[in-house]
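Note that subunit A is present in both complexes that follow, paired respectively with subunit B and with subunit C.
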Partner chain A sequence: MTPSTGVKTLKIDGRDFSARPDETILDVARENKIFIPRMCELNGLSTVGACRLCLVEVKGSNKLLPSCVTHVEEGMEVTTTSERLTHYRRMIVELLFSERNHVCSVCVSNGHCELQNLAQKLGITHVRFPYRNPKVEVDASHERFVIDHNRCILCTRCVRVCDEIEGAHTWDIMGRGVDAKVITDLNQPWGSSATCTGCGKCVHVCPTGALFEKGRSVAEMEKRRSFLPYLTLMREEHE
Partner chain B sequence: MTPDELLEIAETERESQKRFTHRVNVCLAAGCVSCQSQAVKDALDSDIARRGWGDHCQAKGVGCMGLCSEGPLVSTGVLTGNDRLYKRVAAADAAEILDSIDGAPVSRLRCPTDVPFFQRQKKIVLENSGVIDPERIEDYIAAEGYQALIQALTEMTPREVVEQVMASGLRGRGGAGYPTGLKWSTVAKSFGVQKFVICNADEGDPGAFMDRSVLESDPHRVLEGMLIAAYAVGSSDGYIYVRAEYPLAIKRLRAAIRQAERAGLLGANICGTRFSFKIDLRLGAGAFVCGEETALIASVEGKRGTPRARPPYPAMEGLQGQPTLINNVETFANIAPIIRKGGEWYAQVGTEKSKGTKVFALAGRVQNTGLVEVPMGITLREMVFEIGGGIPDGRKFKAVQTGGPSGGCLPEEVLDQPVDYESLARLGSIMGSGGMIVIDESSCMVDVAKYFMDFCMTESCGKCTPCRVGTYQMHRILSSITEMTATPQDLAMLEEFCDLLKHTSLCGLGQSAPNPVVSTLKSFAAEYKSHIEDHTCPAGVCGKQPGGART
Partner chain C sequence: MSKQRLATVWLDGCSGCHMSFLDMDLRLIQLSEMADLVYSPLVDTKQFPENVDVTLVEGAVSSEEDLHKIQAVRQRTTTLVSLGDCAVTGNVPAMRNPFGTKAVCERAYCENVTLDPGIPDQVPRLLSCVRPVHEVVAVDVYIPGCPPSADVIFYAVIELLNGRKPDLSVMTRFGA
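And then the complex of A and B:
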């Protein structure tokens, strides 16, 4: 990280803040306890701007900008919550629910799920469009962990943590569009993976019940959030 | 190669061509090859040999002559000013064509060239297409090839080259219409240890074949454009990203690169100057989204072809994080004439904001399908009814679709609007890369919208949520409309999705995926309504079979 040259000042939701030029809008918001919804972003991992939940309005720009990858600029005026943004965010969360088989009542992460929490926060009581109900697999071949593709929202946190922090790059994505899915090695059973170190980082960064430890029943899979400061620390040392 | 050597090659080639008083040009671009034009060429060759005409008559394989629907095309008499175009030529017709070479034309094969299809065209990009042999660098050099490069290298500074491109008013021919000169200037001014020039030849719009045709008919023109661009921005490494579905274009590009390297026009110290540049080919594996510049760069880097957020733009941080100039095939193909004749010459053609010409692939329900190059500002009506020759089988025109899956369907009412970037955008479509599909009354516009949504759904890379799942949901609703099971609430939901995808998707594919739906909802709302309320398809297309018929 380069030493701060030319600190910027900007407005977020009408309040003034200062930021280093290498910080994103989301960095500044997080530092100042302004909540911006997101799924793919996790502090300490690289940003991809994929889930589109963190879109914000910036005065003077006719486009909505993803706050996780948009760097601050002098005099920027950011709005993180508006009727329009909430409308879009709700639709995106509904789309995520409709994509696979998200049935909270029987999910290991019920009550500790980032997708569920966000839906509640956005006031979503039901999904307005039909579920796609695809037939997808559960891979329980690993001795300690399970990947349940029914709950995966393709945030790719597992892919990034495995590559960037653990350095194993066991996870990746295959397929396109709605048929995309996360895979271990070259789409081999996780249990037979030659690269997986069994560290479990992927499980604990997973926002939903897609990745969980064996032996957890409904609502029992609480992700260890103490893991996350460790992630940030690693990231800082790494750079 | 020094400039003098180049002139010498041009002179020698012209001299050696002079001994042929007669020439028969046979189209050997993919369209005509697919209907056996190679056999026609072989028959002509052997017949010429049999007659002992080898000293004065030559059958020459050339690039696209434009009227692809009437192929294989053969032209004679280009040298004597007594030129004739023959259509649907078979190998068995070779003798008859040679017999009549000085006499009356073979009337049953004759294709009239005094029709608007040929007369209304203005050829800049395609000036050599159908004239030179794309597999011989000497032929290109004889047609003033590589002169612009030498002119740039020996007489102009990089800044002067950029200024000429700026003065020309040329805009990106890939579809978005970003000013080319500005892009070059940005890359030239960006700082990096290395800079790259990439030619985007990943043409993927359904019904579009402009770039393929240019690459097959005149590959050296694209190389020359890239070389001039590399000189202007200070790059030493170039890539051509071409889709693997274009084997003939790849073959000719490979041959062209080899020939240019051997001639010292590619490689180190080009023309004895300090300028060095090399070009590598990268083949796309069939993903439409790799035509998006950031996905293309990821693919060239060997990664999964998915787009990323911009900024930073490739002009600042592109391939390997270095400043990268990405232009489309047709954009590069415009460069050599601009340098040769000057930016102001180019700016005389076209409209106020859209300069020059545009190559269109005219397809669909229209008499003349094929490749045309027209000045910007021509009206849609002229395109469809004069150049295209109108709708066959006495049917009625319904819409013209421009810009592929990112574009829109334009109805009869707007046919008198000019074809330029701003007008098409205002009408709810886009210029796009040049696909122009004519639709007649026998097609259902909901079905057309569904077709394009199906395309976007299967070509979505799956990275961002709105595009990945949104295109699926939109396709589901469009399918239910064509199956007559949709409700008015579904239609309202469809409109909500249009808005969502446009404003929240990551890249151009998702942002423009709703365009075919938005434009058909705007101009053909009655068709949607009759599917939903009266459960009938006015065109009689939908409901016949599950999922409706494909256009």
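And then the complex of A and C:
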């Protein structure tokens, strides 16, 4: 990776920072331990700006900008926490809860779930929107893993890690809007997938209990992410 | 100051929240010095009384009986508290929603029964959809958790009896 020239200076929450032009607001915030909530973004994978939780205010713009895909600019003034942002972030998380069937108390990821933790962090004690209670499937056809669509928030981390890191592209998205779902190969049972290598990377990047290892009971599924920065680093050095 | 009037109600839940309430142990005595428990599955009163200051509701709204009960409770209560995930989110009782009432009743009363199978008509009819309490009546305070710990319940009730609205998001969460 060639280092970019022309350092940019910007303010985040009133503090001065400098950054490379190829960095995003979220990159700079992460390096400086400024917490910006996000669900689809995961360090080491490409960014899609899908979940909208990392929206920030940038002075001079009426629009809220997703910090994971917004590159730094000279003189930028960013606000990462405000009443307006908290209002929208709460709304987004509540909508995620109402869209599928997230039953934390009996979930394999109870206590280790990014959605559950973020809800608490944002002070959410109930969901103001009516629950949709959709009937969706659980596919346990794979020898070692299970996909429970009840818990899926369509962050697409599994799709990206499988394509970008493992290179198998077993996962993809099918359908639109509320009918969208993650699929393996051409929407066939995961266990019959010819492309899945069984590496389990998708399971461990999944933020909720949607993807888990067989044999895990309530609250037993802890995700291990340490492989991702390592593999990303190795790849960058090789390039 | 006269004692305040506290009540607890049990809708569609496993009674785990009431067990957690009892788990306050010695602190129940402290609580009883501040409030009278005027209605609860834990006491003998049959009718939900008028003029209740604080009511804790365990469980989701699942049947016609739950619906009538919670509407009366709301009318007679100043501060209504959703206690636990079933009341707050629907939780496990709401897991029947994607399947529909008919399929659920047939599974419970016919398919898995050897002696005299059939759907009974002497029990309260199930609603087509299990709902969290706040989708049916207005709720003032939410205590998520499955069940919320005795510490959380004690803190919340004491705060409410002292006329304050507790911030519980740091102490408990969905599934806690």
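Quick note on the criterion: the second predicted complex is superposed on the first by the 229 of 239 C-alpha atoms of A that agree within 3 Å, B and C clash if a C-alpha of one lies under 4 Å from a C-alpha of the other, contacts with A are read in each partner's own complex, and residues count from 1 in each chain.
Throughout what follows, contacts are C-beta pairs under 8 Å (C-beta built on N, C-alpha and C of every residue); 3 or more make two chains touch, one makes a residue touch a chain.
This is a predicted model, so every value here is computed, not measured.
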Message: Contacts for A:C107 in the overlay, against subunit B (first) and subunit C (second): which applies, first, second, both or neither?
response: second
Query: Which holds for A:A50: it touches subunit B only (first), subunit C only (second), both, or neither?
result: first
Query: Does the superposition put A:L96 against subunit B (first), subunit C (second), both, or neither?
result: first
Touching partner for A:P130 - first (subunit B), second (subunit C), both, neither: both
- prompt: Which holds for A:Q120: it touches subunit B only (first), subunit C only (second), both, or neither?
  reply: second
Query: Where does A:R176 make contact in the superposed view: on subunit B (first), on subunit C (second), on both, or on neither?
result: first
Task: Report for A:S226: first if it touches subunit B alone, second if subunit C alone, otherwise both or neither.
output: neither
Field: Partner touching more residues of subunit A, whether subunit B or subunit C
entry: B
Query: Taking the two structures together, which residues of subunit A meet both subunit B and subunit C?
result: 130
Message: Touching residues of subunit A toward subunit B in the complex: what are they?
response: 48-53, 55, 63-64, 66, 69-70, 88, 91-92, 95-96, 98-99, 128-130, 132, 153-154, 172-173, 175-180
Message: Give the list of subunit B residues in touch with subunit A in this complex.
response: 287, 304, 308-309, 457-466, 468-473, 476, 493, 496-497, 500, 503-506
Task: In the complex, go through subunit A and note every residue touching subunit C.
output: 97, 101-107, 110-111, 116-117, 119-120, 123-127, 130-131, 133-136
Subunit A partner contacts - residues on subunit C that touch it in the complex: 82, 85, 88-92, 94-95, 97-99, 129, 132, 134-135, 139, 142-144, 146, 167-170, 173-175
